[in-house]
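See the structures that follow.
Okay, so chain A shows up in both of these, paired with chain B first and chain C after.
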Partner chain A sequence: MSRDWRFRLAEQRSVLLAAALFIAMFLLYIGKHPAGLTANVASTAANKGVLLALVAMAQTIPVLTAGLDLSVGMVLVLTNCLASSIMVGSPAEVALGTVAVLALGVLCGAINGAVVVYGRIQPIIATLATSSIYYGVALALRPAPGGEVDGALADALTGSLPGGVPASLLLLLVVVLVVWLPYRRSVLGRAAYAVGSSAQAAYMSGVPIARATLLAYVLAGLLSAIAGLLLTCITYSGEASAALGGTYTLTAIAAVVVGGTSLFGGSGGAIGSIFGAFVLRTIGDLLFVFDMDALWQPLFLGAVLLAAISLGSFRLIGVRNRLELYR
Partner chain B sequence: MKAGALPAAAAMRRRIDPAVLAAFGCIVLLLLGGSLYSRNFLSLEYLLQQLNVAAFLGVIASGVMLVVLLGHIDLSIPWVVTTGGMMATAAAGWGELGVALAIPIGIGCGVAAGLVNGVGVAYLRVPSMIFTLGTNAIVQGLMVLHTSGFAPQDRSTEAMHVIAVDRTVAGIPNALWVWALVGGLTVALLTRTPFGRYIYAIGNRERAAYLSGVNTRAVVVGCFAIAGGCSGLAGVLLAGYSTKAYQAMGDPYLLPAIAAVVLGGTSILGGRGTYLGTVAGVILITLLQSILSVVQMPESGRQIIYGVVIIAMLLLYGRQRREG
Partner chain C sequence: MIDGGGAPLFRMEGVSKHYGGVRALEDAVFCCVPGHIHAILGENGAGKSTLIKVMAGVVQPDSGTLHLAGRPVLFRTPAAAAAAGIACVFQELSLLPDLTVADNISIADPPRRHGLIDRRAQRRVAEAALARVGAEDIHPLAPVRDLPLSRRQMVEIAKALARKPRILILDEATSALAAAEVEKVFAMLRQLRQEGMAIVYISHRMHEIAAIADDCTVYRNGRYVATFPAGSKSDGEIVEMIIGREYKNVFPPKPALPPDGAPVLRVSDLSWADQLRSVSLAIRPGEVVGLGGLDGQGQRELLLALFGVLDGVGGTVELAGRRASLSSPTAARSGHAAMALIPEDRKTEGLMLSMSVRENLSFAALPGLSRLGLVDRRAETAAVEKMMALLRIRCDDLGQPVAALSGGNQQKVVIGKWLLTRPKVILLNDPTRGIDVGTKQELYQLLRRLADAGAAILFYSTDYDELIGCCDRVLVLYDGAVVRVLEGDAITERNLVAAAFNLGALDAAPGATEAQA
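The block that comes next holds the complex of A and B.
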């Protein structure tokens, strides 16, 4: 029994490490912040963190299958542009608009999945190409930044609940409980891990490879669309910005790695990515409260990012047989 | 006669990848399609102009191809290109010696960034996709600091302008000669040297190459350094072409460079591909971009068509073999 416990702890080590890092950094941030931990400070920090966390969760699922979705940022931008156009009016219209935005995300994910699974094109290059398409559609929907969103919904999603808990954290919790945990326990969720570990072994064992991979990309699209909704509620507008999409795609990959998911697939999970995203977001906030010269910030962020992803190299010290280094 | 022709045709097919043929076929189709719109598409002047622009992408794609052949990827292109351009123009502000050394300094900074990439990927064993991303962020940080902190010169030197724009020999753009030189060296490297053989071997299976006595880590570092140098050189050329270096000048080159290499039949998993294919991919991408802008397609439509065409071409001939 105790061995089982230790095994489980070792399995979750990188998640716990990312969580501990985040908590330490966040305490430092709050301690240094002139206003302290007010509801306002908490909800601002949570909104930014949850936004990246959702995109990082989206990226995690294809990565688990040893794939990659370079279009998550552009799906975020595309759904942001759609949401800023159709989520106004009566409550029924807003609800319908929300469903349409989520459906668009699912459609984008399904296109990615179909190109990867049935087109048999490498995920990196396939999603690079589809992200160009999604950006084009976003530009057509919203040539200039603007639009509006239902104020009541936006305030409810981005404000704080009674007791000072940020509402966006609740959104994240709901997503984890309704999307991630059921998926993780489902046949296709476990199949995604199997495909990522060894597609050949999974094929031999009769794992539904095609359906598992397709679903992974569909879920990535759905989660990105939820992030798109949240982004619209935070900014009250939409913008077809290539830079924004690119930044979110790349930062999300970094968050996935910091959260302990292997880019080679088969191990890790969305919970780690959430903490990875929080860590990366808090670094930026820390630079702000410590009054770091704005000129130095990009360099410092890059150095922290590079250091974080190089941490995994410590495992090399324990490698006895050099052959293990090569695949 | 027929019996003699068949083996020759088979040998020909072995030598020329169907993907490369398809890419060249698409180039011809694009040119014919464009010529229906305007006769200028088949004029020598237009073609030379396109090749001049293609040369910048071609130099970058040469380095990308080496890295992709290894089974890795280099996502640090945007800011390494920018660094090449910015450091070359900054060197020109240091006086006589700086002007003379501007081009080597630009290339050297690219090589330095490439070395960092190579060490991270080969020795620290960090996946190239994420490590080159980190390098990109670092280089970006350095450039932001450099340009805002020291206000360096951003005008390109006379020599940079000459190699990027002028047509000194036989009316052929100098940039095209530069690309031809880089391409020739790459082909020689890939087909005539042990180093080139090792690249293909590592791309197929690094473990097997290592067991065969290849110093695989040195080869990986070498390839990333060359790729960095190519990006730096492209930055120098681009700064010469637009007479100045500016932030984010390398951003529009990441996607096209990777797409050009893959459209040219190089496997993104490594180990397979020819330089001829990369040449075809580069010309194809450049022509596609040019035609979309000539027919005055709005930016949104351009992006959509660009993505659809890349997927369509990959569906045509870039599919992986079915596994299992």
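The block that comes next holds the complex of A and C.
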């Protein structure tokens, strides 16, 4: 069928747009950077980008179900605090600690999902409440910044592979291959899109709504915990920082939107969010190489966010049936 | 009860369902047989929808028993009913707008390989299902939200069939389809009947039931009335059973003489994109003019263009002799000759479902009911109550959300909302879709009363009976152009069908004129 590619392209349009925007910004950055594209420059940029990308991926999945997870940033902080306490010692202890950190993320996600699904509470308010709880636990775990993490693991995750490829990019690739792509093609992944598109129609069609919604929040917790691991490896420590959690939650939502996922649910995907996160992260780097004050960063962040979202509205310019504007 | 010669596949006895104090179904009985098409007839609120929702596991009955193939069953969810072989095509479409056609068709149980969805197999399933309902024109990768209502309805039918059900329930499944497509669906249903499927068919179109059903069951006010073989009773007898009162004069008489006077709406050479081609028409006050033709030939676009919804419309529109701007519905509503459009989909384009009956009714007329930007509650209540009485809208309280009303009453609210603006030109886009015989009849009479009071009415309907019964003149559209104008006695089903396919007139009569295409 010759029309296939057009439908496929239309499906991937927003991902491609976000990717193109990122590539343009990154090339500009490298072009202006005094050192050019060295392994060090690449891995520094990658570590920051991948951290936000993981949180943005976490946010994407509840958003696809027409929900929202305001606790992703606090799960990041909470798992960071736990990781900075238990990921030291023998290799076995480090491995066990890693599993425990991921399990904590899954538990947080499961609590969010259970409150949303069985408590029938609106996701935005349910996760606002749980995020406060998670922050409280994080403070109890680590009242003052500190802790440590296995140095070998941290260096392996945040350094460069042979050939100069940043290791964190490989981590992201593994997460995409092992978590996102199978999820996207699973029945419960399909169900998440269905719930976001029209929960009533999904129910009528016999879609497992409760399980799909629950899994969406569980995966959000898991991905946030992976981000928490990476954060610990980048900073070699843990800190129960409310500001950090809040910033990551909100910037992740922005990344999801820039990546083309609809906040109304049902369309988009985590790949777009990754590029959305990269775009937002590159803004700060650009300001740096153009010798502008870091104080300008929030202003530019907002401007780029608006511009990127406007790209999505360009399709409305050609609309000749005004009813479509309100769909 | 009728057994139709075979053992019943599904049997329901003594089923009751109450919503709060409202009785939706009382002591209901129903049974269906393999290889039979069983029509359920009744007004909206008669209990048909509740009956099939019980069958499909959407609602749980308060009491009563269900038997499938002789064994007692209880469906707690739609998924459970589907697993037992009952598939339902709902009037309120159960499609997921953001997903593709193929995703939708396989949504309940997608083909899997190694635990993941096999997209290629899913594509084959979709193509086979679409071919089966004769909708090969729909691309399996198209997102459902981009399809027009009639195509979505075909996808919905394909989706139900892809589950290979033993019992197929169609609830108003043809309400958005034009005659040619209905014929395709019927051919498919006859084939399925031959293969031994039990089919339950709900429609408000009497001639469809006469054409396809083997058995009929009538419900009224939530109670079982009768079951009889199709063809054993006259239309009049059936309709009397349905509405419980004598049925005559469905359509009010048309005036003997066409009204004279200058046209209030004059359209010349209207064009839009490639969907409207040089459409011209003129309507005088007091005329009811119909739009006919196959579905999707530009009828909806014509109404939307007149109402200012479309951008880049060519040609001119004159209202009461003055050139009208087509810039927005707000302009159309408040011009010197006010227009009103009763939209196709009352749930999305006609009503704010969660808002009250009062707010919905007064919306369009608010400028006249407010002072200094504040709504005058007393004037609003007076206007709303007058309209409730005029249209006989049944609701418990003006503050009730309009979503709680039955379909027929909701449609009356949409119409009442626009009548409050005292329009000179009333555009109707398939206004009787999915509403019951009694309400339809009230609507036909209302249209004629409005025309007699001096309104000009342009009326698109997918139901030929309505065009024949209501209209003084019918413009038949084909590929965005008016191909024929039928007038008076020339408005017959044969002529409408022939013109819809752009063929010559069959029933020779002086009123049939070729339009310049």
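Throughout what follows, the second predicted complex is superposed on the first by the 307 of 327 C-alpha atoms of A that agree within 3 Å, B and C clash if a C-alpha of one lies under 4 Å from a C-alpha of the other, contacts with A are read in each partner's own complex, and residues count from 1 in each chain.
Throughout what follows, a contact is a pair of C-beta atoms (placed from the backbone, for glycine too) under 8 Å apart; a residue touches a chain by one contact, two chains touch by 3 or more.
Just so it is clear, the model here is predicted, and its values are computed rather than measured.
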Chain B versus chain C as contact partner of A:A254, first or second or both or neither: first
Which of chain B and chain C A:S197 touches, first, second, both or neither: second
First (chain B), second (chain C), both or neither touched by A:V137: first
First (chain B), second (chain C), both or neither touched by A:I125: first
Touched partner set for A:R320, first chain B, second chain C, both or neither: second
First, second, both or neither for A:P182, with chain B first and chain C second: second
Chain B versus chain C as contact partner of A:N40, first or second or both or neither: neither
Which partner reaches more residues of chain A (counting touched residues only), chain B or chain C: B
Set intersection of chain A contacts, chain C complex versus chain B complex: 200, 203-204, 322-323, 327
Complex interface listing, chain A residues touching chain B: 68, 115, 119-122, 124-126, 128-133, 135-140, 143, 199-200, 203-204, 250, 253-254, 257, 263-264, 295-303, 305-306, 309-310, 312-313, 316, 322-323, 325-327
Chain A-touching residues of chain B, taken from the complex the two chains share: 73, 75, 120, 124-127, 129-131, 133-142, 144-145, 148-149, 205-207, 210-211, 216, 255, 258-259, 262, 268-269, 298-308, 310-311, 314-315, 318-320, 322-324
Sites on chain C touched by chain A in the complex: 58, 77-79, 82-83, 88, 90, 92-100, 103-104, 107-108, 110, 112, 115-117, 119, 139, 141-143, 145, 159, 272-273, 301, 304, 309-312, 328, 349
Residue numbers on chain A that touch chain C, as the complex places them: 1, 3-4, 7-8, 10-11, 182, 185-187, 190, 193-194, 196-198, 200-208, 262, 265-267, 319-323, 327
